[in-house]
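First chain A sits with chain B, and in the next complex the same chain sits with chain C.
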Partner chain A sequence: MLEIKGLTKTFSGFTAVDNASLIVKKGDIHGVIGPNGAGKSTLFNLITGHLIADTGEVRLHDKRLTGLAPHAVVRRGLGRSFQRISVFPRMTVWENVQIALVAKDQQEFCFWKPLVSQNEQIARLLETVRLEDEAQVVAGELSYGRQKQLELALALAGEPHVLLLDEPTAGMSPRETEDSILLITRIVKDRGVTLLFTEHDMNMVFGIANRITVLHHGAVIASDSPDAVRENSSVQEVYLGRPTH
Partner chain B sequence: MMYATIQFLNGLSYGLSLFLVAAGLSIIFGVLRVLNFAHGTFYMLGGYIAYEAVSHIGLSDGGFWIAVALSGLVLAVLAAIIERLMLRKLYGRDEVYQLLFTFALVLLFSDVIRGLWGTQVLSISFPPELSGAQDLGLAYYPRYRLFLCLVGIVVAIGVWFVFQRTRWGRIIRAATQDREILGALGINVPLVYLVVFSAGAALAGIGGALAAPALALKPGMDTEIIVECFIVVIIGGLGSLWGAFIGAILIGQLRSIGLYFVPEWEIVLVYLLMIAVLAFRPWGLLGKREGE
Partner chain C sequence: MPHSRLLLGAGIVGLLALLPLSGSTYLMYLSTQVLIFVLFATSLNILIGYAGLVSFGHAAFFAIGGYGCAILLRTYEIPLLLAMPAALVMTAILSALIGSLCVRLTSYYFSMLTLAFGQLIWAVVFKWRSMTGGDDGLLRVDSPSWIDTPASFFIFTLLVVTLAMLALWIVAHSPLGRTLMAIRENQVRAGFLGVHTRRVQLVAFTIAGTFAGLAGALFALFNRSIFPDSAWWLQSAEVLIMVVLGGMNSFFGPMVGALTLIVLSRFTLEVTDYWPGLLAIILLATLFFFPNGIAGLLKAKGKR
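So, the complex of A and B:
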């Protein structure tokens, strides 16, 4: 469904992503791991159009995404969240979701069309991420974990086919991490969304992913089932042969 | 009492026409993060374009209103071209480049105006439907200036309505908070920038055209208004619409009070207010503190 072929990105002589290829199948929960600086975030930014690849291409449903602007990539069905908190901090939770829905129906420039009350849709999304009681809270005042939940609602509002999450549990307490893993896996299953995510918490990746890609120095050294990746000798060398942090 | 009423209305009409320009400046800064030095130049161009239009089609039979609309339209198109072809290349670079670029526009257009219309003072008469004075009970007051007050209030309410109640307004408010997320949600952010810059310039152009009958058109009016607009947004808070409104009203009143009590020092009062705001609330009366 999402196909990445031979992506390469060089920053003034430094190769951040090196001829990376991988395939994400429909319904997969696909984790991308690798030591710090392995090129995970760069790879994501190449997929979403925030960076332009030197060579290679990305296809979704067999249609080329490479070369499209970020907002156009989103409109083809690829939702994303960033590593940092990405909600509108000075708007209420409700207004945040409202914006995401306005963006989704692609009629933001019909200014004569009033902000129709998509109350039901908003309520349903907030229920999905369990924020229904915080609807009127200003987003910036939510706890970190809850802001991450809201972020998920924003990404889901666009009804993406593929959801890209960049370190969804970064900065969370163990408790928040556990909650958010449960939430993410449930949503993915309920909604039939395909998930591609990066993560540094190995337990989480091996716990929920059914497919894992390992990046090292920007190159894909393995892309397989969790068991096969665990057994892979070059992966073991990268993770065990030398310190990773 | 009569004199006080007139001074109050003078301050109000001046403040509200200042608001038309300062609002655009503030919204453009809020969304694009570009401090547009050329905003006063857009205002001046609006005035000269209206002058030119009126000299061809005349003032009566709606001629003045066509001229005002034309000013807005020309400025919207001009600003769209400037944004699309030039300014867009400078986003994400050091702010100095954007400042230099908009300053270059100031120099460029003031020379263009000098070339086309010369340096003599030009003026437009009041449109016939609004000439003369209105009896307000306490005093007679020029109808046109009352009309300027009305326009300022209508624009303030209109912009507020757009911000609060429309898709557009939501998106513009969101763009002031985080453009990257907006793009990630599927909004064409470069298009939002284009429209905001163009609409802000149109507002300045209309402001200039409407102010032309009340003021005189002359070289240097662009720097005069941009300096006042900067003071308005410093007092009110950069990026805040209501801040611009309050700032403009305050300056209008302060100048007319100054003119009444300390005529030679009126402008000093304005600067004193600005210094006081900077000392005690450097982010402006309604502005947001950095990082908030």
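So, the complex of A and C:
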């Protein structure tokens, strides 16, 4: 479904993503792991058109995404959250979701009539991410964990086929982490979306993913089932800190 | 809430329509000028307040609308009811062209680019003597007989500005208006919701430019003349100050700003020539002491 072939990205001589290839199948919960600076976020940014790859390509439903601007990538059925929270901080939670729906319905150019609020849809999305009680709170005043939930709602509003979550539980308390893992897995199942995510918390990754890709210095060193990845010797070297060469 | 606002607006317009009964030409003259600048400032606020794009060259479109209307009316003798819409179409096209280059950049770079284009338009107006009259300006821009008294012109302006303000109100509260605010807050996130952010900003730029052009056309008719000054950066700065003074975080703020500034400038010019200096002081005072403008002050008072 989502196919990544030979992606490479260098930043002034430094190779952040190195000839990375992987395939995400429909319905997969696919985790991407790797030490800090392994190139996970860069990989995501390449997929979503935020960065332009030096070489390689990304295909979704067998159509090229490479070269498209972010807004066009979203229109093809991709949704994402960011490692660093990215919401509309001075708008209320409600207004945040409202904007996401305006965009989804491609109403953003409509200047000739007042905005009509799609109350039901907004309420449903807020319920999905359990923010119904905070609807009127200004997004920037929510706790960190709640802002992440809001981001999830924004990503889901577009009804994506593939959801990219960059460290969805980073910075959360253990309690929040557990809650949001349950939330994410439930949403993925209910909505039948395919999930590609990064995470540092190994328990979480091995707990929910049915497919795991390991990045190291920008290169894919394994892309397999959780068990196979666990047994993989080069992965063990990376994570146990033994020299790789 | 919107209903009570609408009623209030209708009430104000209704009262203003009675103004010619006062018989004071001076009052009508002043009110016409205020109305024109209310429209001009509100059009700029679509960019500043809603889109967060600070244009330093908004007067360019004011001048394009003004010259366009004046030239069609005077040089080509096209009737006003055709000349004005034609001038607006012209302003819209030029706004879209200039806007498509300006919205490629953001923040300071956007502002600098609008300033540069504003000055470019001024230079064109200044140099294109055969068409614009150069620094002599265009004189004898005569309105048709049905609006050539201060009272009838005032009523005409009131009608046009009211309709235009209604249109701008709808734009500000439309999905586009809301999307502009989202882009202002977080352009990257808006992009990842599927919004073609630059194109939305371009539509806003074009709308803002076109309504400034309408204000410019009214201004040319009002003065029965138009000069290159109308495109000069000082004119852009003045309308910018109206927006900031009135309050850019509210739809009606710039209205208050335009009213305040024009009335102040009238009274000041009668006693001193230092209006630009005073203008600078007003701007500084606003920025330092009430950054949300007069509208912000009133709102804060209301809450207490």
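Operating definition for what follows: the second predicted complex is superposed on the first by the 239 of 245 C-alpha atoms of A that agree within 3 Å, B and C clash if a C-alpha of one lies under 4 Å from a C-alpha of the other, contacts with A are read in each partner's own complex, and residues count from 1 in each chain.
Rule of thumb we're sticking to: contacts are C-beta pairs under 8 Å (C-beta built on N, C-alpha and C of every residue); 3 or more make two chains touch, one makes a residue touch a chain.
Computed from a prediction, not measured in an experiment: that's the story for all the values here.
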Superposed partners chain B and chain C on chain A - clash or fit: clash
In the superposed arrangement, which partner chain does A:103 touch: chain B (first), chain C (second), both, or neither? both
One more residue to check, A:71. First (chain B), second (chain C), both or neither? both
With both complexes overlaid on chain A, does A:191 touch chain B (first), chain C (second), both or neither? neither
Looking at the overlay, does A:89 come into contact with chain B only (first), chain C only (second), both, or neither? both
With both complexes overlaid on chain A, does A:26 touch chain B (first), chain C (second), both or neither? neither
Classify the contacts of A:61 with the two partner chains as first (chain B alone), second (chain C alone), both, or neither. neither
Intersection of chain A residues contacting chain B with those contacting chain C? 48, 69-72, 74-75, 79-80, 82, 86-91, 95, 98-100, 102-104, 106-111, 113-115, 154, 157-158
Listed in rising order, the residues of chain A that touch chain C in the complex are 48, 50, 69-72, 74-75, 79-80, 82, 86-91, 95, 98-100, 102-104, 106-115, 154, 157-158
What part of chain A is in contact with chain B in the complex they form? 48, 69-72, 74-75, 79-82, 86-91, 95, 98-100, 102-104, 106-111, 113-115, 154-155, 157-158
The residues of chain B that touch chain A in their complex are 162, 165-168, 170-171, 173-174, 177-178, 180-192, 195, 288, 292
Residues of chain C defined as touching chain A within the complex: 170-171, 173-179, 181-182, 185-186, 188-197, 199-200, 203-204, 207
